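Shared between the two complexes below is chain A, which pairs with chain B and chain C, respectively.
Let's turn to the complex of A and B:
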């Protein structure tokens, strides 16, 4: 232990003397802090938008009260009244934005057909989407491995190339202890950095102090250990520093760029998802076609779904709102199989990626962190289901006014249901991710140990 | 009798070359054994086998009665090594390098003691606090000597240790070896320098193509005779 500590502290002195590495480590620290700022700012912006929505809805109600000062037809109100289905983030979302930048975090809803509204969202800058999020998870998953490579590519080759190793190993010090102390120092440095950044991010985001803190730290720690394991494995080949650097950067490219790219292509081909435009066109055709269909046919189809309204007054007028909303809803019903196929397809793709993410610990870590932060696809789909249920509730609220032909008074606005949905962490996905990382870790370290055992270190 | 350093039928076969063929050698405490031979004769391989840096194909090397191959770590408590070209951590000073290597060897010296070892090795006082990156080869060699001396080893393994030293420093090193030998340290030195071998050695061995072809006590030869003997084997 004494010798280990001597080697460990010596590594600190070597590190301090290597200005390039000090600079790089400082840069990663700054980049990590920027990632925290980026994530918290983005979630802060989303929270601010969500906080403004009740005021917007209230303003809309006030406008309607002015427009309709007397009790009015609920159909008119349902047509003009805007309400919102809102998706509140967990505090963890600041650390790992996941899909919160591409999927809408609120849906503006009227009493019209749902499907046309569910996918309507603000335009986002496609160039920004292409570049992705620069949150803490990005820094940890994609940039930390590069820092680990820069710190560890010459783990032993440096001493060998400088000619120090023979003198070092002529002391009563085993090569394994030298490698172990070097790895331990780098590990302490990188994990310390990851811990500081995670701690700052958690404090800034005010995450609740529960088991998820441990899960986040365990994921980050195992992921960093995996990359150190790769450095250990490559060191075991006992090649020169240039070879080690090229091999490790090559592995980074394979695991962080190539495998995710290929996996994306494979998953897209293996789990085709119906085009969203197909769904939109079909729904619009159905709704627009509704104007030309006999009202009796439309209403009979609607009453088959909602027999409780069958005994309401027969429609004789050219236009009535309950008929209008009936064919709006039938438009939704007509694309229901497509909508289900679309969300099922997305879920199947997600599940396939989750099954295959052992191929790339980077994907595994990213999906696990997103699941922990509640910013992954299943969370978004859960929000969509919640928004759909909310739309059903809205319809259920308005239908008695429409079918019983009850006038909508100013007091009724306050009775309208509201919606809220808050992400929750997918702990089981995170724990599965941890398990896979542990297996990856076991494989690389076992391979490294076998290599060192098969080829004892030659100091020359 | 337990020899400080011993080789029994020690053999090293590389894929393309037989580097050492059946070396048998015993060196006692206080003895200075100088191994002469051309480049590639097997001198460095012999040292590497005693250091445990390479594994023998057959036979065994012993340090202080312990087989090197199966006691790789323990035997290093008993030996010190000075390579032909001592390389140290360039960003540390000579003093810091000596402190680091001594602490790895299990010695914790005061600064005054470290300075004394460096002075004994002949390193100028003004250089001890300078980064080793600014040192000449000879100065690094002197720090290497200080590291070896500070280890108080039973065996000194030296591979062309005076390479890079000026004649004065070489003489001082020879004197140091004599002192250590008188204190009971066994010295095994691979060298090309016949005159240095004659000067400090108690025995001299000549190695050719991995074989120890002759061993003589230096007391029975003068420098010229040793040179003639060496040349005889080299032709």
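Let's turn to the complex of A and C:
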């Protein structure tokens, strides 16, 4: 044990003396802090935007109150009144932004057909989303492996190249202890850095202290350990430093860049998503066809879905709102199978990625962190379902006014249902990811140990 | 002498097994990316052409309708993929593919590829440009990091110089030799791309695309040249191969991974934008109350009616030969559009400011110079996207105003009547023409200059460093 500490402290002194490495480590620390700053400001901005929506809705109501004095026709109100379905982030979203910048975090809704409104995009700078998010998850998944590689690519080779290893091994020290102490020092450094950054981020984002803290830390630790495992494996090959550097950077390239790129190509080809646009085009056709169809035909189709309004007065007028909203809804109904196929297609795509993410621990770590933060596709789909249900309750709120021809008073605005949805963590996805990471880790270390056992360290 | 050094480097590179493995890998990826890019380009293009054709037919085959109904029925504009986007998809995966065009409001461009994918897409897409911008430089680094250090360590540099060759000549010889090796890897892929383009009828005789492809190739030649010179210089400057390699890899990571993301994110933090909901509300507000509170809508409408009565010398709407509803609609559309255009221009300007940070960073980082150049030439950059949005909005405005004019001409009581189905067939449909290269050049000036500046500066400074490099 004493020898281990001597070696360990020697590594510390070495590290302090190597200005390049100290610089690199502080750079990673700074970059990590920037990632935390960026992630929290981005989520802060989204929160602020969401907080401004009620004011817009309120302003809209005030405008309608002057435009439509009491007693108003609820049909007019439903047509001009805009309300919002909002998607609040979890505090964890600041640590791993995922797709929250690509997918809109609110939907503006009117009483009209839902499918024409549900897929509206938010103002977004495409050049920025192409460059991607510089959040803590990016620093951990992309850059930490590089730090680990820079710290450990010459674990034994530099000692060998400088001729120190034969001297060292001439002492009563086993080679395993030397490698162990060297790895342990680097591990302590990197894991300490990851812990500090994660801790700062959690405090800054004010995440609730529950099991997810442990899950996040476990994911981050295992992911770092995986890369140390690779460094250990490459060290076991006992080649020179240049070879090790090229091999490790090559592995990084394959796991972090190539496999994700290739998997993306494969997944889009293997799970083609039915075009969302087909759905909106068809819905438009149905809705506008409603104007030209006999009113009784439309109403009978609608009453088949909502028999509770069947006893309402027959429509004789040229135009009446309840007929208008009936064919709006029938338009949604007609594309229901397409809408289901569209979201199912997206979900299947996501699930295929999750099934294959063992191919690269980087993809696994990224998707698991996003699942923990509730910032990936499934959460967005859950939000869309929630927005759909909200649209249902809005219709249910307005239908009595429309079908019983009840006047809409100014006090009724306050009775209108509102919507809120907060992401939740996809814990089961995260735990599955953790399990797979553990397996990858086991494989890498087992291979490394086998290699060291098969070929004892040659000091020269 | 430069020639023989170049030849020696070229031959020994080809004999190096590591290089052969790596370059076969890169070449394979390039060819695969070209083919995959081509296939996905064709699928998307076909889908969009078919969809555009469908909505155009639907528009032309409407029954007898009131023109304002038709204005609400509207149409869709689909963004065709630009010719070279199969080489560099640029922003295309993150911008929407279609926009619904209707009266009274400007809708967002929806259904981007990124929205139809999980976060996997954020790791980056495997396109030709991706391989050329990120992986080929890595190949170059692995190829060149030991250019001088090895000669020094084995003592051959001394021998070489004793033959009367200058250090500069050695450096140039190496640069030319490595250049040939890189050309051998990249050349076939570009040739395949050109051949694929040539095979397409629509591109066969489109000189604009050929010039774009030629400039695309030329920019990458400069880019690779930069990396070769840089790597050779670092190799001369550093004492050991190991430190040269680590330095070069560090530069690659900083330039190709960290800086682009950091500047894009910083830009977004420095120049915040408003949400679509806020923008729509502001447009609505100004259209209702008038820009800066002047000319609210009610007043504008009243004035319009008054002037009409005066113009036709009548006392009531009934006697007018035109429909007041149609004219009010036209006036309101014109006013709202004007307001919207101002807000849209503001938003675009803010985005341009955000992006300018990245573009100017091209002066510090060649990767951020080649990227805008590459996507600009491929027609998949921000400027081309805005051009499409503008074209779609122009078409929407023309369409709606045409329908409003039709309504106005129907005279009093137009609401009770419909226009014949043949009317809709006479209305032109949306046809997007991507802007020519001459239009795009203005946006490419800064990145092109940055890249050239790098090439000249690096060669000049680098050779100065090489002059002082220790021989042993």
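By definition in this document, the second predicted complex is superposed on the first by the 460 of 460 C-alpha atoms of A that agree within 3 Å, B and C clash if a C-alpha of one lies under 4 Å from a C-alpha of the other, contacts with A are read in each partner's own complex, and residues count from 1 in each chain.
Everything below uses one rule, namely that a residue touches a chain if its C-beta (ideal position, glycine included) is under 8 Å from a C-beta of that chain, and two chains touch if they have at least 3 such contacts.
Note that the structure is predicted; figures quoted are calculated from it, not measured.
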When chain B and chain C are modelled together on chain A, clash or fit: fit
Examine A:3 and indicate which partner it touches, taking first as chain B and second as chain C; both and neither are also allowed. first
Under the stated touch criterion, which partner chain does A:305 make contact with: chain B (first), chain C (second), both, or neither? neither
Touching partner for A:98 - first (chain B), second (chain C), both, neither: second
Should A:270 be classified as contacting the first partner (chain B), the second (chain C), both, or neither? neither
Is A:133 in contact with chain B, with chain C, with both, or with neither (first, second, both, neither)? second
For chain A, which side has the bigger count of touched residues, chain B or chain C? C
Could you say whether A:170 touches chain B, chain C, both of them, or neither, answering first, second, both or neither? first
For A:203, select first, second, both or neither according to whether it touches chain B, chain C, the two together, or no partner. neither
Regarding the shared-chain residue A:446, is it in contact with chain B (first), chain C (second), both, or neither? neither
Check the superposed model and tell me the shortest C-alpha distance between chain B and chain C, rounded to whole Å. 14
So in the complex, the part of chain B that touches chain A is made up of which residues? 48, 51, 53-55, 72-74, 76-77, 79-81, 83, 85-92, 96, 100-101, 103-106, 144, 147, 157
Of all residues in chain C, which touch chain A in the complex? 18, 29, 36, 40, 47, 51, 54-55, 58, 63, 65, 69, 72-74, 76, 78, 90-91, 93-98, 100, 107-112, 114-126, 130, 134-135, 138, 142, 146, 241-242, 245-246, 249-250, 253, 257-258, 260-265, 267-269, 272-281, 288, 347, 351, 354-355, 358, 381-382, 385
Along chain A, where are the residues that touch chain C in the complex? 20, 24, 31, 34, 38, 41-42, 45, 49, 52-53, 56, 59-60, 63, 84, 98-99, 102-103, 106, 108, 116, 119-134, 138, 142-143, 146, 150, 154, 241-242, 245-246, 249, 253, 256-258, 260-265, 267-268, 273, 275-278, 280-281, 284-285, 288, 291-292, 346, 349-350, 353, 362-363, 366-367, 370, 375-377
For chain A, which residues are in contact with chain B within the complex? 3, 6-7, 10, 13-14, 17-18, 162-164, 166-174, 456, 458-460
